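Chain nomenclature is as follows: A, B, C and D, assigned in order of appearance, with residue numbering initiated at 1 for each chain independently.
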Amino acid sequence: MIVILKKDYDKEQFSGLVAWLEEKGLQVHTSVGENHTILGLIGDTSKLDIDLIAALDIVADVKRVQEPYKNANRKFHPMDTVVKVGNTQIGGGSLTLIAGPCSVESEEQVVAIARAVKASGATLLRGGAFKPRTSPYAFQGMQDEGIRLLKIAREETGLPIVSEVMDASQLPLFEDVDVIQVGARNMQNFNLLKELGKLRKPVLIKRGLSSTYEELLMSAEYVMAGGNENVILCERGIRTFETYTRNTLDIGAVPVLKKLTHLPIIIDPSHATGKAALVPPLAIAAAAAGADGLIIEVHNDPARALCDGPQSLRPEVFDSLAHKLIALHEFMDTMPQ
Amino acid sequence: MIVILKKDYDKEQFSGLVAWLEEKGLQVHTSVGENHTILGLIGDTSKLDIDLIAALDIVADVKRVQEPYKNANRKFHPMDTVVKVGNTQIGGGSLTLIAGPCSVESEEQVVAIARAVKASGATLLRGGAFKPRTSPYAFQGMQDEGIRLLKIAREETGLPIVSEVMDASQLPLFEDVDVIQVGARNMQNFNLLKELGKLRKPVLIKRGLSSTYEELLMSAEYVMAGGNENVILCERGIRTFETYTRNTLDIGAVPVLKKLTHLPIIIDPSHATGKAALVPPLAIAAAAAGADGLIIEVHNDPARALCDGPQSLRPEVFDSLAHKLIALHEFMDTMPQ
Amino acid sequence: MIVILKKDYDKEQFSGLVAWLEEKGLQVHTSVGENHTILGLIGDTSKLDIDLIAALDIVADVKRVQEPYKNANRKFHPMDTVVKVGNTQIGGGSLTLIAGPCSVESEEQVVAIARAVKASGATLLRGGAFKPRTSPYAFQGMQDEGIRLLKIAREETGLPIVSEVMDASQLPLFEDVDVIQVGARNMQNFNLLKELGKLRKPVLIKRGLSSTYEELLMSAEYVMAGGNENVILCERGIRTFETYTRNTLDIGAVPVLKKLTHLPIIIDPSHATGKAALVPPLAIAAAAAGADGLIIEVHNDPARALCDGPQSLRPEVFDSLAHKLIALHEFMDTMPQ
Amino acid sequence: MIVILKKDYDKEQFSGLVAWLEEKGLQVHTSVGENHTILGLIGDTSKLDIDLIAALDIVADVKRVQEPYKNANRKFHPMDTVVKVGNTQIGGGSLTLIAGPCSVESEEQVVAIARAVKASGATLLRGGAFKPRTSPYAFQGMQDEGIRLLKIAREETGLPIVSEVMDASQLPLFEDVDVIQVGARNMQNFNLLKELGKLRKPVLIKRGLSSTYEELLMSAEYVMAGGNENVILCERGIRTFETYTRNTLDIGAVPVLKKLTHLPIIIDPSHATGKAALVPPLAIAAAAAGADGLIIEVHNDPARALCDGPQSLRPEVFDSLAHKLIALHEFMDTMPQ
């Protein structure tokens, strides 16, 4: 960490700051210039509260050199984390296909889709029971009944299930859900993240609409700081000035996060674009970029889906896409690193 | 609402759609063009699920003409809403000053600040007990003890208190808090909003970092749909490409929201900029633009504040600012409308 | 185009508007609702000035249904445009590799790089002679001498050359340049675009840092409206809130633009990210998404490049990447559409 | 400037770098840590090419401490710059009102508006002769004829004139224009900026749609580096995710730029919002925030303006606004600093 002092700083406050930093186990190197004096802090600054230092009267600016996350940091954990879910796993070189309807609507619907996506190569079933909707007048999901139907679909197909929790109070309902999803709007629901840190089951965290890579990793760090290391990251589009697509999919998140963290990273092209026609090319691009998996909406009747219909693929389109993705992943494996 | 059909749409699906819309009490006017057929829907479309229609096979695009919110809409409620809090009120032409520390740190601190800001003209005391922090290693607030200390400060000064709730499960602790604040990161925590809709006490909703005006109003609509009309909106800076300030304060939100809604709108220049030196000019600008109030961080020792210190004003700076704001507000009242 | 009238509009102005629109050859369908009256305009509205109509006293809002570009629109030109450059071509199913140094620095440098990238499979040489630099104190390019050296490299290797023009006044120097590049900051330099419309040589237009797809297509339309149909589009990263990378590469631009236009679309992963390590995965992702080509910075000594060094690949890294890209493109061709 | 080295950097390259920096007159302070080695560069780094250093193999990151602009920097020029235009001046505590039509349309129009805005208190006349329009099919301005009409309006009223240049080749036409405006889309047209640096007449630079404060100041630096110190900065709205307004007006630019630079800063609320109803409250907010002036579109018939009509004020609305602005500015002057 680098601390830049104001030009005419108070010498006494300066000594106090240096003493306080040394007390925290840091070495302080001071460079005195004409316009600025710079402190270089050497040691573990990951748990230092940067705001506290920036608030000091004598400080002009503080710049981090070291990342503020430790458990999620690849520097301290060079090997890829592989998250086990039932008989399958996410990360470590495989390409996991997670598919299913945006919302669970009926037993018939979810079981039919689960069978279809399994046949196409998906290894996890996704399905929304609790739906975060911008409007209070829009369909809010089947809730606990939705969870029950997902479990039936799991029983019928053997696919582990992924579903979104909206609030810590709902967690008891998710006891038997295989992967708990934290939605983009909840990425910084810190109470929820802390509760998830107490569990030992996989948590899939979606990047917030305007969250930086570092903020996403800090949310993962909340869960990991609680002792739960089964975290999967998901890029699902960020909010930009472009309005043609619902959001802008940031495929660069794949190589960036691969560098910064050892956690698996998956891509959600369905929510990112909001348009079914864009899902296949972007799913393929994400797989080529090295994503550990894809989470894709599939509906047997997108035109009647109770939510987010326009971005869902029909099972036959997903089937064709899944075959391409699997072939592409095999092909990519044959390339020299 | 306007529905644009695809070029070669299925006539049977078209009849089905028209019948379904008419069943909802809407009139459907059809304009047939060479490249597009356009349906104009006449009637109350505010509760129509736009995604459902957009999902239909025959539909190319849907555009709203009417706003998707009704309770918060000035069109259906032309008079300003005035929210009563204790002996004071927010909205209706007054300029409410809400001030206090970012975090409650001790009884001594919060009482001293409360006395100071009251003397300067503030009519509500703000103070954080539960703090949403990006890092799990940063100070998370004094929690229930913080609420207790705020109540002491209220007893000492008579100022009603405003504090942020982070999760619906914390609501019992807020029973005796006068205004419940929903933070920017929680603006779309729909479960929390629904719970707040069941209360009858004032709720202050901060605009999310990348939330549109419409989304902010939809979050207000969640609370109001539950029957709680005591909603105060707060602009606190949006996330843009500019990194010099923490966020970019959107003062245009004041006249825009004044037009769209009857709810009071206040401005938080402290969190918007993250820099104390920018708070006074932007607070003055917001008051001049017609804001119903300001929420400003004040700390008796910003350099030792446990969070967000760099943006806090010292009491003497707040005092000077408050005098200017009150004088400016009186001056603005003398101007012809 | 849809025109939404204000509630209590003046009937005389309304008749005037309808007459004026009909004079322009449009049919006007009127839908009268309780809160809004809606006009559906049927016919060719691409050359109608939307601002003019929105400015009318009786108009509440105007929404386009038809795109405002015609020459660049795939609807009116369903077949892919293939742009011929020397013996090579861009578009129509091929994957064109354009490579070379950010700045031309010496004959030795540019010839060596040209030979290397040609050997790796590049079919065009890029090189900057005029460099748009944020700082007036940074290296501004070798200018006309740079163009001269590029031509030498072309003579030595046979590779056609691509270079950026910064101003219409420089065009005479580009007479013998094969593809003229318009930089992101110049995407809306309309005078330059008009001048390029008078030429018949290929123009490569980079998307502006905060330009929408539609604005990019309108810039292409400027060139095409002048009669020059040899336009190549280039996505090179957009400006978002994320600061880890220089910009955010929007790979979704590939399938979106493929749908909206018949022009070829290439991707520049070097400028998008500003980090050499991210170039290979994103180049691969772009090729998988269906891009018509890539433009990649290659430098034989990135650590001493006079500009933009950190994003340049060494020739041996480019060679490995080029082989992967060519293999991937062949593999993608074997997939069913 | 701070240079952060990679963990296992080459010692020889390190010595080379230090020698090179010292040759540039800088002192280099080295702090060696476990994970990072940090160099603190002391001295004038404003003209150092940051990209060159970042490109070095041994460098992990470079962070600026000192601003990269010098002529525009308040640190080296603490007093406000006052730009003289005819008998009036911009900056130094006054509030300059610049008003006029978006586009010059006829002698009658521009003279009538000039008379009206002068009577209301404006001291400069703005008017577009060359219009940057997104569509090649939209009205492009009256061009040289427009300049001629502006001069007639100046003769009739004595108001100095402000008009936008789109290209360096147009500069001869602007010889007798009092203030040359650089539009937002041209803020980084570096060739144009260099040409303007050779003049000694006032240049008004509009902030680009997605340009940072620093980039705006670097564009000013281009002009000033050429010897022309008569630069006026203008904030006119930035592009964000919000679509209700055309752009988002960043009033925070006023106090931020006041701190960073000595140049005058004016606000354009007309282009920022694109809606006439928002112009008065935001103009008032900007004046309250300390802006040196406002540039406002006024049209005697906004409903027939040939461009940008919806954002223009009628003369009587401008008159009422101007009176409020002048009264507010006087009132603000009575406040203690």
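A few points about this structure:
Keep in mind that, in the parts below, a residue touches a chain if its C-beta (ideal position, glycine included) is under 8 Å from a C-beta of that chain, and two chains touch if they have at least 3 such contacts.
No experiment lies behind these values; they were computed from the predicted model shown.
In terms of C-beta pairs in contact, B-D outnumbers the other of B-C and B-D.
Taking each chain's centre as the mean of its C-alpha atoms, the one that lies farthest from the centre of subunit D is A. In whole angstrom, the spacing between the mean C-alpha positions of subunit B and subunit C is 39. Chain geometry summary: the mean Cα position of subunit A and that of subunit B are 27 Å apart. Each chain gets one centre point, the mean of its Cα atoms, and the points for subunit B and subunit D are 31 Å apart. Each of residues 210, 239-241, 243 in subunit C touches at least two other chains.
The touching residues of subunit D, when paired with subunit C in their complex, are 46-47, 49, 51-52, 54-57, 68-69, 132-140, 166-170, 185-186, 188-194, 209-210, 215, 218, 221-222, 225, 239, 302-310, 312. Subunit C contributes residues 210, 212-214, 238, 240-245, 248-252, 254-256, 259, 272-273, 277-278, 281-282, 284-290, 320, 324, 327-328, 331-332, 335-336 to its touches with subunit A in the complex. Residue ranges on subunit C touching subunit B, taken from their complex, read 2, 4, 27, 29, 31-36, 38, 40, 42-43, 61, 63, 65-66, 75, 210, 239-241, 243.
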